[in-house]
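Structure in structure tokens, see below.
Letters A, B, C and D mark the chains as written, and numbering starts fresh at 1 in each.
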Amino acid sequence: MQTIKVLYFASLRELIGTSETSIEATGPVGAAAVWKAVNPSVELPGSSLVAINQSYASLDSMVQPGDEVAFFPPVTGG
Amino acid sequence: MQTIKVLYFASLRELIGTSETSIEATGPVGAAAVWKAVNPSVELPGSSLVAINQSYASLDSMVQPGDEVAFFPPVTGG
Amino acid sequence: MTSLIRVQTDALEPWQEIAKFQTDNFNGHTDFGATATFVGTMRDLNEGDEVFEMTLEHYPAMTEKKLAEIVVEAESKWPLLHTLLMHRVGIIKPADPIVLVAVWSAHRAAAFDACRFLMEALKHQAPFWKKENLVSGQSRWIAKNTPGIS
Amino acid sequence: MTSLIRVQTDALEPWQEIAKFQTDNFNGHTDFGATATFVGTMRDLNEGDEVFEMTLEHYPAMTEKKLAEIVVEAESKWPLLHTLLMHRVGIIKPADPIVLVAVWSAHRAAAFDACRFLMEALKHQAPFWKKENLVSGQSRWIAKNTPGIS
């Protein structure tokens, strides 16, 4: 059993009310399923982006135990 | 009778050996004819540019008495 | 070849930073003929509303990784000699510089192209988010960037 | 709106000039979100030959007129707020900055496009000529510019 770290940024951080949480996992789990596991009652906003270990991924991508997964809105830097 | 000022720059200045000369004119004369009048024995190099009163012109353009006409090679600033 | 990437909460003085980067690393070098730079500065008006200040949030570990990736990508596409990339985070006030991109190359086409590429890649990929605090007292997250092509 | 065009024999310090132009004319303004700049610097190698120094000649009355025209043209094509254009003439040594173009606009697309347009227009239209004095002792006029599009 290993931890998957879950991060939220910007408007998603405010929507969830926290910047970080975690779940325990014994095997790979889809990014969408990670969201559902930690936020069972909140739908992920449609324009949201996902990163696994600081690289862009999709909701279908598999998150491994020990990974860091982040959910955030479209980026607006520069 | 009025003066037409003739200027040369860069390699054309060196070709002619002077930066400025002039001719007298009573009426309009083509830029090519101005060159011929002041440099009867030197052919204008093919890539040369012409400016009349500090604006680009062509060899067919008419130079008026009192005008300034300049002959120079392609520009290479910046 | 020198590349410097920096994300900072301190005020950014772009022209001083460019001059310093050049002096520190390659002053007097005769291999670069072209330097192209871009500076993005905070405006006090957005979508018709007066903006009092902005909060710039980022995802530090990913920002670092992503900015390094886009610099490597630019260096693979164009023959760049040096690259400087700086970005503010935290509280930003109107007229504050937010982002600086500067590239040095032998010729101008590469410098212009790479500078613009870096700026667009940064805006579309680097995990920064802007929240506007309006003069009216309201605040809002900026939903998306303005287009980079007119 | 401020435009400054200057042709000078003195050394050109581009980053200081940009900072000074901004401080003197529109420091703290909140209407520009984008500044794009280009600096052209003398290299010591051209077409395989080592260049010792360069002589930059121009046609003063026409240079002034032509540079003013291209700034007006850029201002008619893009919503520019400020434009700075500086060019060296006389004796130039390797690593010396030769030309500086800087534009300020509300958004980045206009700033990038206008900066590049000004640079290309300057190179193709402004009556400057470069003569290279080679390390070998020979000297030669540069026949034409390198292309601006890669």
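Note that in this section a residue touches a chain if its C-beta (ideal position, glycine included) is under 8 Å from a C-beta of that chain, and two chains touch if they have at least 3 such contacts.
All of these numbers come straight from a predicted model, not from anything done at the bench.
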Chains partitioned by contact, chain D not counted: A, C | B
| item | value |
| --- | --- |
| Chain C-chain D separation of Cα centroids, rounded to whole Å | 22 |
| Inter-chain centre distance, chain A versus chain C - centres from mean C-alpha coordinates, in Å | 27 |
| Geometric centre distance via CA averages, chain D-chain A, whole Å | 48 |
| Set of chain D residues in contact with two or more other chains | 40, 119 |
| Shared-contact residues (touching 2 or more other chains) in chain B | none |
| Chains grouped in pairs wherever the two touch, ordered by label | A-C, B-D, C-D |
| Chain D residues within the chain B interface of the complex | 40, 56-59, 61-62, 65-66, 87, 98-99, 119, 122-131, 141-145 |
| Contact set on chain C toward chain D in their complex | 14-16, 18-19, 22, 27-45, 78, 94-95, 106-113, 115-116, 119, 146-150 |
| For the chain B and chain D complex, residues of the former touching the latter | 7, 9-11, 13, 51, 54-56, 68, 70, 72-78 |
